[in-house]
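Next up, some structures in structure tokens.
In the two complexes below, subunit A is the common chain; its partner is subunit B in one and subunit C in the other.
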Partner chain A sequence: MATLTEDDLQLFVDAVKHYLKATSKQEPEITSAFLGDSSVIAHEFNGIVSFMGGYSGQILVSMPEGMLRELLVLQHEHDLSETNLLDAVGEVANTLAGNARKVFGPDLEISVPTRLRGAQGITARVRPRPYVITFRWHRHPALVCVDLERR
Partner chain B sequence: MTVPAHPSHVASPAASGPAPHSFWQRYRVIIVAVTLFIVIDLGVLMLNFYTSFKIAEDAVSVNLSGRQRMLSQRMTKALLTLELERRDGRDTGPAREELRSVVDLFDRTLHGFNTGATVPGGDGNPVYLTAVADDGGRKVVADALARWAPYRLALAPVLEGRASPSQLGIAVAYARNENLRMLELMNDLTSVLEVNATRRADFLRMVQSVGILLALLNFIYILYKFLSSLRRADQATEAVNEENREILDSVREGLFLLHPDFTLGTQISRSVGTLLGRAPRPGDRLPDLLGPLLFEKDLKDARDYMELLFSPHVLENLVHSINPLSCVEVKTLNALGKEERKFLSFSFNRVLDDGRVRHLLVTMQDITARVALEQQIDAERGRARQEFSSLVQALGADTGALRHFVARAETQLLQVNSLLRSLSEQAGTAEVRKTLEKVFRLVHTFKGEAAALHLDLLADMAHNFEDELQQLHNKDRLNGDSLIQLPLQLEGLLEKIAVFKQIPLNPGTSDDPAQTADHALARALQLASRAAADLGKQVHTRLVFEDGALEHPWAQDPELGSLVIQLARNAIAHGIETPAERSAAGKPEAGLLTLTLARRASGELEIHLRDDGRGLQPAAVRQRLLDLGWYPPAELDRLSDLQILGQITKPGFSTAEPGGIHAGRGVGLDAVLQEVVRLGGRLWARSSPGRGSTFGIVLPGESRREPARTPA
Partner chain C sequence: MRLLIVDDSNLIRTRIARVVESTGLEEIFIVGLARDGREALQIARETRPDVVTMDLTMPEMDGVATIRELMRMPHPPSILVVSALNDKSTAITALRLGARGFLNKPFTDDELGLALLDVCKPL
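Right after this comes the complex of A and B.
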């Protein structure tokens, strides 16, 4: 199991931070970082991107409904339907993937974001215990789960 | 990307294709066209000269034929004047002279028109009069000559001055009869000559027009061919430039030429900007670009090296090995504008021209991955050695103690993870700090137990984890980003514990309760000798079980070993003096640690750990508290020595130098106290300056086995 570095994790965190800061002028605050398992329940709206190439595995961005609604309102979006909320969380995941490609190089294969509705326990794909980084934005909790291994 | 070390030249596009065209083949069409242009121009010029010359002749002819008209009239006038003067008896000399002059001029000119001759021109200077060639003209001249011949004869006696009146009369009659006709003939001649001259002028105009037209067409053709050729050359150049640009845009290496004044050439690959973190421009100086990235000494070495390469007498191959930039660490901004460390490799190759070093071809590569891999391989090699050594030690260790450690360690580490996870629900910095202290205590206990079992790899990893936690704890304001590294450290420890779990440990070797307690506590005390050696101290240990103590439930509890380890490490680090100090104090060089277990009548188990070291020193503790700034000096002065000594179990307090693996964290006693309280016991201490200290733990009558700690 090739361990990721702090820089690798920071990259994914920064992507989410930059996205939220660009959208709302307010940066989220990292509240914890730990090893996740199925007892860690994600939030209602989830965006997942899968990686192949230099890294394999997946990254999950999970946000509660209230946070996404607020995000859309800040983007002057009036349609707050479930589809749009899912699109929003998928876009965050996509931004994160784009940043990963910028830093890790074009050889990294990244899937289009999969969007999932429903709070479930975290399922590990490649690591025994994926890294979970929680953050808070406008009082809303959210998390990024990094389940990647370097090849 | 390599460049031959031998003299090299940049290959032209033609050099790699078919045989080069000769000058004639390449420019044949243009040469022919230009030659034609010159021939046409010369032809027109010559024709122009010739025609102009003819026109000049025509002009003389027209001019002289006009003069003939005038002479015919002057001749008649002079003859009539002469006749009148003779009749009046006046002197006829001047009139005769005028007549002679006119007749002579008229006669020569008329014959000149006929055969061509040199005659006086309009200004009296001789000019060549060309014979009239045109048929019409010749006919007029012939007619005029036919009429002039008898007229000339009739004038002869008059001109000689011997003419009788009748002869004069004949001449005058001739003049009267022929004057008008002669005038008409000369008029006709003039007209014919003018027509000829006009025709010739027209011809000249036509020749000139045609010549200019041909020259113009030829010029347009040359221009067309020239522009076509230029366009083809431009397209070829553009294609070469485009290919060049594509290569420079796509090549991963940074490539550019360096001039002797260290300025960059015009062709710079795109990667250079990426590698340097800023896009350089042609003409920028390489030392200026590298200045912000390198240490001053490295920069100076690089400059000296480049100067060496520009010196032709230095052999390039010999100096390659001293390239100071073959692997250099720099800090640049990445694509997200974030600072990142990377390793770059610069190689310099000469570009020679006639034996002179014209440029250096500089090739830059990002070798961060390679360096990281090398470092990783080195680290992995070291880790593998350490792991192997740990495994060998583990296999040689007390399997019962190891089994208990592995089981407890995983629990401890998962508790750490639960505490980290709980941070997300904590609002204030104080709460977060408190949780981190709990994490620290767990990691510290883990480290102590690993060290007791000589599991150096785990102890070192835990020590590094402690370093990270300590740095976090020392920050005035906890930044969430700094938490990101914690799961990485934790994961490393969990992975190692997972490896230890796979070691087959014989559960039967140490399951006798008395032996387990004996072994566990003896193992705990073993740390003493080891930590003492690390600290340059010597120590002997003694383990005493008083009556009934060995059978007490707590004596068989593995957690007791953990407590003893912490206390023993604390005693060695802080209590036992160095051999020199002990000798000076009149003590044996080796200190003595005595662990005594006694069962009280109340059923409680009392554990004493006594050392014969320097004892607790209130003055040193007071000074340390002052240095830590925990209390204002005035308040410290008010505290009694007992109150001062009571501070030593507070988290973060230590009188040892920070950073050592055995002490200096200020956590040992704090962890012991927290653990004892959790087990429902009490901790006490007694000390005598210069003679030693005793730390005592009193545990309740029943062993409270409650391994699952819940994060507070």
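Right after this comes the complex of A and C.
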């Protein structure tokens, strides 16, 4: 399997920026991008989309509750229940994964998102050395883990 | 115009509904919300929508299979695909099956309103 290039990873950085700009009119500040290990600490709400076909792996979007609540309020959503917060983080993961097909093409098959509450055990779901992009939006820290390999 | 909204995300379904109800699209009224293709087909048979917003990546029955079935109905609706799958071949597949428009996620309220008005125009 081949690993991703810097340009491939830039796609996900751009996708995060575009998502938040389109939904909140404010881009996030990218705070770091690095090859992660088991010490990566996830946030409370997590959305995971799996990749299949010409690629394998998954993308994990991890966000704190406060960030998701603000995002929903900015979209005029009044229901800030746990169900809707999980729906929101899953939708972010789904959108980032779907947008990746513009570069990776239709060989990148994507699953419906899995939504998980709780940071514990999240990093164990991705391979030992995923690419990690951390960012800050409206004071809230969040991260995207990209674990994707070409077959 | 009778609108059916199809998306596995409750947030997206309610957001589309809110945009329709709050941005002067008075001639469009919502006849149903569906979370997957099977539910969409059931509601479509009961309510005969003129317009459908259609997600593509959904559990049970995906958007492509659902569009194919909707286009076999006696009076097929006008379909606006609303999806994060933004590669050209996905859009071409949806349009070849009979969809009239394609809106990428993420979208703004204005972009959604314009896209809906576009697919509501008579052919």
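The rule we apply is simple: the second predicted complex is superposed on the first by the 142 of 151 C-alpha atoms of A that agree within 3 Å, B and C clash if a C-alpha of one lies under 4 Å from a C-alpha of the other, contacts with A are read in each partner's own complex, and residues count from 1 in each chain.
Assume a contact is a pair of C-beta atoms (placed from the backbone, for glycine too) under 8 Å apart; a residue touches a chain by one contact, two chains touch by 3 or more.
Quick caveat, the model's predicted, so the values are computed rather than measured.
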When the two structures are laid over each other on subunit A, do subunit B and subunit C clash or fit?
fit
Partner chain(s) touched by A:98 [first = subunit B, second = subunit C, both, neither]:
second
For A:29 in the superposed arrangement: first (subunit B), second (subunit C), both or neither?
first
So in the superposed three-chain picture, is A:10 touching just subunit B, just subunit C, both, or none of them (first/second/both/neither)?
first
Contacts for A:73 in the overlay, against subunit B (first) and subunit C (second): which applies, first, second, both or neither?
neither
In the superposed arrangement the C-alpha centres of subunit B and subunit C open, at the centre of subunit A, an angle in degrees to the nearest 10 of 60
A:119 contacts which: subunit B (first), subunit C (second), both, neither?
neither
Looking at A:141, would you say it contacts subunit B, subunit C, both, or neither? Reply first, second, both or neither.
first
Tell me the contact category for A:110 with respect to subunit B and subunit C: first, second, both or neither.
second
After superposition on the shared chain, which partner residues are touched by A:129: those of subunit B (first), subunit C (second), both, or neither?
first
Superposition-derived minimum Cα distance between subunit C and subunit B (Å)
6
Report, in rising order, the residues of subunit A that make contact with subunit B in one complex and with subunit C in the other.
18, 99, 102
Of all residues in subunit C, those that touch subunit A in their complex:
8-12, 14-15, 18, 57-59, 83-87, 89-90, 104-108
Name, in rising order, each residue of subunit A that touches subunit B in their complex.
1, 3-7, 9-11, 13-14, 18, 29-35, 40, 99, 102-103, 129, 131-136, 141
Applying the document's contact rule, which stretches of subunit B touch subunit A when the two form their complex?
334-336, 338, 340, 417, 420-424, 426, 479-481, 483-488, 490-492, 494-495
Residues of subunit A touching subunit C in their complex?
18-19, 22-23, 72, 75-77, 79, 83-84, 87-88, 90-91, 94-99, 101-102, 105-106, 110-112
